[in-house]
Each structure stands twice: as C-alpha cells, then as structure tokens.
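One chain, subunit A, links the two complexes that follow: it is found with subunit B in the first and with subunit C in the second.
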Partner chain A sequence: MNKLPLPLVNLLRKPGRTLALALLIAFLALAVFGGSVVVLSLRGGLQSLEARLGADIILVPSEAQSKVSFQNMFLQGTTGAFYMDASVLDKALEVEGVEKAAPQTFLASLKADCCSIKIQVIGIDPALDFTVQPWISRSLSREMGDMDVAVGCKVEADVGETIRVYDQRCKVTARLEPTGTGLDTAVYCNMDTMNTLLRAAEEKGVSHRIESGDSVISAVYVKVRDGADIDAVNSCLNGHIRKVTAVRTRSMITGVSDSLAGISRTVTILIAAVWVLAIVILLLTFVLIIRERSREFAVLRLAGASRGMLSRMVLRESALCGLLGGVAGTGLAALLLFPFAQLIESALNLPYLMPETGTVLLLAVGTVLLSVGVAALSSVTAAYRLSRVDPGTALREGN
Partner chain B sequence: MSLLELRNVSKIYGELKALDRVSLHVDQGEWVAIMGPSGSGKSTMMNIIGCMDKPTSGEVLLDGVDISKESSKRLTDIRRDKIGLIFQQFHMVSYLTAVENVMVSQYYHSMPDEAEALEALGRVGLRERARHLPSQLSGGEQQRVCVARALINHPELILADEPTGNLDEANENIVLDLFAQLHREGTTLIVVTHDPEVADAAQRTIVLEHGKVAREVINENFGK
Partner chain C sequence: MKKSMIPAGVILVLSLVIVIGEMTFLAPCLHEDGAFGPCHWAGRALLGTGCVLGVLAALALGVKRVRPGVYLSALPVCALGILTPGTLIDLCHMSTMRCRMVTQPSMIILFSAAMLCALIGAILSARERSHHE
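Take a look at the complex of A and B:
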C-alpha cells in the first residue's frame, strides 16, 4: 500500500460515526428525491389530464349529473354510461364561438360471462376527435378498424389478444402510453365498433336507454374558438340545446388542481423542514466531531499538514459521507416510489404520472450532488475553525 | 556549523515573560538537552523552535532562515521539511495502524511509501507490530512509533519534549539508544527533559530558569 487516502481511511475505520452521518444525509436525500418525484408525478398527472380532456366544455345529458358522477368517469375512470341524441353534436357546432366538437360514446362492460373484464369502453370518431385521438395515434399509426380496440395501460390485455365485450370479440391493436388518469383503465374504439357493442349490450338485456340505434352519443367535447369567451359559449350551449348540460372542464379540474396544490405545498413544506432540521443537525454534528478530533488534527498538523490540507481533508470526508448518504437515500426512495407507484396513486386519489426516466435520473443525480454539497458546506465552518487551532495548544489541552 | 541560533528571543504572555532574551546556538549534528523546572520556559522554547509559535521579539535562525518572521503557512512547510517532533504523550492517530501513523508524515511531506515506513518501524524494533492500532500497543511501543514517524522524512532536527517521561526504564533505554544512533548518523537532536539521566545522554545541557539560560553544561563523559 503506497497510498494513504486519509479521508477514506477515517470513514472506514470509524464506521459508527460514518453510518450515523450517512443516515442523516440519506434521510435528507430521501425527502428531497421522494418528495420531488411525488410532486412531479402529481403535476404530470394533472398536465396529462388537462391534455387528455383537451376540451374547454363537455356536453352531457342533463340526467348524467344525477345518474352517475360523470366527473369521476372523466377523472378517475369509474365505469358508467348515459346517452343523448347524436344530433347534439350538430347543435353544438351551430353555437357561435365553437371551433370544434367531437362526440364520445360510453359503454360499461360487465363482470359477467359475456365480458372478459369490467371496463369502460369509449367510442370516438377519429375524424372529429381532438382529445383522445392524438394520444392513440402515438401508439397506433393506422386507423382503428372495426372491432379493433386500443387499451389503456392499466387494462390487462396485450396487443394481439382478444377481449370479449357482451360476447363481441374485440382485437387489441394498441396499448396506450400511461396518462396517470382514469383514462388508463379504459378501452377505445371507433363509433362503428361502439354501435355494434351497444346493440350487443341491448340484446343481453343490459338496461341502456338506447332509443334510436346508431344515433346516440354520451358526450360532446367542445373546443372554443381563440378569443371567444368560454363562459359565454358555455351559457349559449346550455340555452341552445335542451336536456343537455354544458360543463366547463376547468371547473372539473379545479378540484383536482386544488388537491394537487395542497399536497404539493405540504410536500414542499415537509422537504424544507427536513432540510432545515438536517442542516442544523449536520452543522452541530460536524462541530462536535471536529472538537472530538482536535487532538488528531493537531497530530496531523505536527506531521506536516497545512491548514488548507486539513480543511480539504474534512471537506472530502464530509463529501464522501454526503455521496454515501445521497446514493443510499435516493436509492431507498426509488425502491419505495417506483414499485409502489400504483399504491401511492390510489392513496392520493389524484392523477399521478411518473416523470420520464431521463427526468428521474437527472433528479437522482441532482439529489446526490445536493447531498454532497450540503454535507461539504455543513463542515466548512468546522473545517475553518479547526484550521485556526494551534497544534501545540491543542495537544497540551488534549492531554 | 550552526543549525539553530536564538538571538535575544523573548516570549511574553501579558505580564509573564516565558522567555526573556534567550540566546543560544545548536550546531549541526549536535545533541543538546534542555533542562529546567516547570515554568522555566522549556515548552515555550520547544514551541518556538518547532515552528508552532512565534517569539514576541528576537530572532530564531534555523538553517540560516529567520523563522520568527515567517508566515504560518511557511512555518508549516519548514516544520514538515526540517523538523521531526516527539512528545511526552504518544500522539498517534487512533484509527491508523502503526505503519500508517508513520506514513502520515510521508503523506504530507512527499509520498507515502509503505516499504520505507516499515523499515523505519524495523529500526525502532516494531516491524512485527506494524499492523497494530495504537490501542493495541504499549506506551513504550507507541513512543517508538512516534520516533519512527519523526525520523521517516530524514529531518535535520529532531525535537523531543520529555520523550521518556511516560516510559519505563527499559523503553527509556531503547529510545535513548535510538537517539544515540540518530546522533551518530548526523541528525541534530534537541531533547527537552527534566530527567538528569536523559540529559546526561546528550553532549551539552542548557539549563533554563525563569525564562533565561541559567547555565550550560558540557557532558565530559559523552560517548564514553
């Protein structure tokens, strides 16, 4: 051994002290990385929800408000259905300020012999749709054919498999990217497929109120023209189309957005509290450690170490502790967050979309660097104090 | 040729004159003992010669350089390059083994060389105890490790403060034999002690009293 890496040797030969410091820093890293991932996932979920809803106004039958909580259908993916005449689409397009309108038709499958799984089936018109279709297009380059379905990422069916809905066999042609919302639990098809499924459901005696065969839809998604007053358009739609309620999507998201802001605030406060606490503890710990080691540093000074050398040694030791704690804390947070993402999502009951791998890696590297920096900075004062100690005095006082 | 020269060196702490216009010189290769009762200024003188403190007034010439005017950083460099320090207490780094404690001096001086450090430990009779921690060594063994550490960088001056103060007779003799060997090799030794037997081993004894040089005694029997 022709090298003597003193900072490393010190850390290895004082495992108790090293472990305690590393644990403290790991706690800090866990809070920062874990908290940041949760906050980013919630933000991602909300952004994804906004993008997927993609409309300014949604038109639903007036009865939908009493029949099912349609907001839960849109936001959390609970199953349900309601219908209105397809002419609502044309009526909506007549209203001043409406730029685009696209219909969707819902059908809930059953947990029964006729259906493979209990799911929400959503029929879209690919030619008109501006909310779900762009998302489907990312996973399916061609148009969905008859009896083709695209499944949300949480539906237990793979591409190429067939699922049965009211004894109709539908082929899974695409598996969609996660959105972190209830849309991940739904199955999407074109309107022809939906009509076939609706008829099949009717034949099975499932009590859907379908009066005119092909001409029913569940909702119309409305995009308001740039510059138009959304509230005014909303009022016009409510006044112009009978037995239909126009709901602003923003008001649907407000609840989610408020909950998210509340959780984000709480997590941020917790992270800040952990930081303040950890930094204070680290500062005190380093001061105590340096005091305890004054004799050792005096010996090293007498052995030829300059003040700068000792300060650098202390900084390296603390940075190594920071690295160890940072990696451990970030790793532990990752172990808790990623395998249990679904559990966290259910517990929060909010749209929750994990950031992309690149962002997570960047966040992890940032957390580790932050841990190293905080540990090193916490020891700066102690290192400076130590460097001012007169070695002769320290040795006499330490006798 | 003079290695060390003190010219009218005083060190004053408030009202107390720890050293009062002390002048002395130590030749290259000389073995000098500094004696005196407690409070006579021995430790103060040792700190000044060892570049751990600066005098209030006067000049301290070490190898021709007036170290009383040097900066703290420069004093560290001088101490590292020219002086080997040995103390009464066995100041070792508790988490380093004997050989690593010796290598610490190399680490800050040039480059750690384990083979050379082991050789230095062999010289003080501790080759087999090289991998032991200070807590596993006796007092005498720890002091011998300190001697090995002090001589590893071949300093021009070995400065020892009560080096045998905490040792039994057998270990005291081992340390004094080592000093004699170093002296034969041309190393300059300054040993602060109040043990007359240790002082008798040196060529010359300087006696301090109340911060002043009271007398100097040449050991007529040195080397006999």
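Take a look at the complex of A and C:
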C-alpha cells in the first residue's frame, strides 16, 4: 500500500467515507446517463415513426377508428384487421394532388405457432409500396417470393426458419431493423401471400369478406404531390371516397410528440434538480471532511508538504471519488436500461428506439468525465480553505 | 465474521430472490388458456438452479473447510442459470412477451451477480487458507 499514491492511500484508509462520496456521485451519474438515454431513445422512436409512416395521409375504412385504435397499431403493435374494397386505391389515385398511393392489407393471426401470441401480418405491394418496402430492402436485397415473410425485429424468428400462420407455413427471409414502434412486432409479406393467408383464415372461420366483393385491402397510404395542400387533399379524399376515412399522419404523430415533449421536460427538470441538490451536498461534505482532517493536513504541512501539494491532493482524492462514482453510476444505469429496454418501452407506451452504440459510449464517457469534474470542482472551495489554515493553530485547536 | 463468508451471504440472498422471483414477480408468461409454453419449462429449470445455488451458498456459510471448493462449484451453476433462458431452453418467440421482457434479463443479471460473488468468495477463501498455512 506504501507504493500507492497518497490520495489513493487516503481513500483506501477511510473506505466508509470513500464509499459514501462515491455513492452520492454514482447517484448523479445514474440520473444523467439514465435520463439522457431515455430521452434520446424517445426522440429516436419519434423520428423512426415519422420515417416509417412515410405517407402524408392514410385511408382506412370508416369503422377502423372505432374497431381498433388505428394509432395503437403503429405505436404498440396492437393487432387488428379491417377491410375495404380494393377499388379505393384507384379512387385515391384519381384525386387531384395525390402523387402516389400504396395499399396494405392487415390480418391478425390466431395464436401463432411460434409464440403463443397474436401477430399482425401486413401484406404490401412491393411495386407500389413506399413506406415499408424501403425498410425491407435494407435487410432483403431481393423481392419477397410467395409464402416468404419478413419479420419485425421483435419477432424472435431467424432467417430460414418457418412460422405458421393459420396453418400456412411461411419462410422467414429477413429480419428487419428496429424502428422502436409497433411495426417491429409485425410480419410482412406480399399481396399473393396475404391472399393465401386470407383464404386460410376464411377456412378457419375468420371472415374478412365485405359486401362489395372479395378483393380487399385494409389501408391506402397516400403521398401528396409537392406543393399541394395536404389538408385540401385530405378533405377531397374524405369527400370523394365513401365509407372511408382519410387520416393525416401528422395528427397521429402530434399526439406522440406532445407526450414525448412532456416526458422530456419532466426528465430534464428531475436531472437538474438532482444535480443542484447533489452539488450542494458535495460542497458541504467536502468542507466538513476538510475540517475533520485539519490536524492530518497540519501534520503534513509540518512534514514539509506545501499548500499547493495539499490542495492538489484533495482535488485528486475527490476526482478519484468522482471517477469511482461515475463509473459505478453509469454501469448501474446501463445494467437497468439495456436489458430492460423492452419493459421500459411497454411501460411508456411510446415509440422507443435506443441510440446507436457509438452515441451510448460517448454519453457514458461524457457522464464519467462530468462526474469527475463536478467532484473536483466541489472540493475546490475546501482545498482553498485548506491552503489558508495555519498548521500551528490547527494542531493547537485540535480540530 | 470472516470476509470470505460475505459473498456466500450475498449469494444466498440472490438465490432466494431467484427462487421466490421465479414463482412470483419474475415468473415467465402466463398463458390465458393454461397451456405451458417453452418459457414455463425454462422457468422450472431456473427454479431448480436457484435452489442448488442456495444450497451451495448455505454450505459455504456453514462449512469453512469446503468453502473454496463450494465457491468454485457455484461458478458453473451460475453459468447454467445464465444460459438456461433463451439459449439452453427456448423462450416465447416475441420480444414483447413477459419471459423475454422480464424473466430473461432479470435472471441473467441475478446469476451474473452471483457468479461475481462466487469468484470473489473463491479468491478470498483461498487467501484465508494460504494465510493459515
């Protein structure tokens, strides 16, 4: 132990005091790192939702709004199915201002063979689709064949495995990148596969038939031409196509965005409050510790240590405490946040997409550096007071 | 109390959390129709592994002579506990299911913590033994 530097020896000599200081700083680091990761994940989720929706307007059957919360399908992956005549796609394309439109068909499976839970199957037309297809293309370079499916990242099925939907065997050809939204729990296929699955569902007694005919779709995603008034196109679509509701995607995102802003504000205020409180406690703690150790420092002064040496020693001790606490707090936050990310997402009920590894590492290093800095800064006052203490007086007074 | 007994105490507490947790707040998915999914059997295996770990911790606490060996034998038991959910025994195939969301991460953390304690315990008890000799 004699070979260790003096600040480290001092810390090891009083493990209780060191542990208490480190715990306080660990609490700070946990609040900063944990809070920042949660806020960044929520922002990432919102951006991902915006990117994935891709369309300006979504056309759904009028009953869809009451039958199943359409927004929940995107945010929480709630399963649901509603149908309208496939001719809605052509009618939408006739409306002035519509640049492109793509259909999607939804099918909620019965308990899937793989997971004892209902999964949402979404049929897309790869030639027309401009919302899901670009996302699928990132994981699958070729086109999806018949009875091929691409699964969201939360469906635990590997590429090459087979999943059964309504007793139909579908081959997993791609696992998609995470989006932090309900889309991660869905399974995607082309329209031919979807028609096969719809027929299989029909045989199992799950009817999707509507009065107007057999050719059905669930939603039409509409991209409005540049410069066109989206609200005007939305109204036109609502007026032009019967029994269909046109929903602006912006209105879906606004609700999420408002909730997100509220949570971000609360987390930021909490972090600030924790920091102010902890800095005050640290300042007081260091002043008290220095007072308690005044005789020890007086002896060191008499042994030849300069005021500068003692101040540096105090700063180093507190910086070491900061390092220990910072690493412990950041580690604990990581241990809670990353394995339980899915639980946090479920509890928040908002899109939640973890930042990339590089960002997380930067944030962790930043938090540790901040902890070291704050701990060292908190002891500056104490170190200054220490440099002004007369060793003779300190030894005579005995404190 | 000897320093080398402290990790055994912590492991005992952790094994209690594992056993009680598996039956209550960390239990895998409960299926509405009463059917047992693969995660149920992973849970049963974790329960057994937790019990074995608890017995080993009690042995380490009670019998000084065998302490280093017991700590070392706890290491593969912990490894088994870490590998059981999802690797050795399959879980439900959806990340949003309770077994993947709660049981798996909790058990991995608890068994990892127990493994770290067992490692520290093995080092401490080996040191104590060498001091005696």
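Simple rule for what comes next: the second predicted complex is superposed on the first by the 383 of 399 C-alpha atoms of A that agree within 3 Å, B and C clash if a C-alpha of one lies under 4 Å from a C-alpha of the other, contacts with A are read in each partner's own complex, and residues count from 1 in each chain.
Just so it is clear, contacts are C-beta pairs under 8 Å (C-beta built on N, C-alpha and C of every residue); 3 or more make two chains touch, one makes a residue touch a chain.
Keep in mind it's a predicted model, so treat the numbers as computed, not measured.
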- Task: Go through the superposed model and pick first if A:119 touches only subunit B, second if only subunit C, both, or neither.
- Result: second
- Would you sort A:390 into first (subunit B), second (subunit C), both or neither based on which partner it touches? first
- Message: One more residue to check, A:299. First (subunit B), second (subunit C), both or neither?
- Response: first
- Message: Under the stated touch criterion, which partner chain does A:154 make contact with: subunit B (first), subunit C (second), both, or neither?
- Response: second
- For A:43, select first, second, both or neither according to whether it touches subunit B, subunit C, the two together, or no partner. neither
- Message: Which partner chains sit in contact with A:91 here, subunit B, subunit C, both or neither? Use first/second/both/neither.
- Response: neither
- Which of the two, subunit B or subunit C, is in touch with more residues of subunit A? B
- Item | Which superposed partner A:9 touches (first subunit B, second subunit C, both, neither) | first
- Item | Residues on subunit C engaged by subunit A in the complex (per definition of touch) | 29, 31, 35, 37, 91-97, 100-102, 105-106, 108-109
- Residue positions on subunit A within touch of subunit B in the complex are 1-4, 6, 9-10, 13-14, 295-296, 298-309, 390-392, 395-396, 399
- Residues on subunit A engaged by subunit C in the complex (per definition of touch): 77, 112, 114-117, 119, 153-157, 163, 184-185, 335, 339-340, 342-343, 346
- Query: Within the complex, which stretch of subunit B touches subunit A?
  - Reply: 43, 47, 50, 52-53, 72-73, 76-77, 79-80, 85, 87, 89, 91-96, 100, 103-109, 111-114, 149, 153
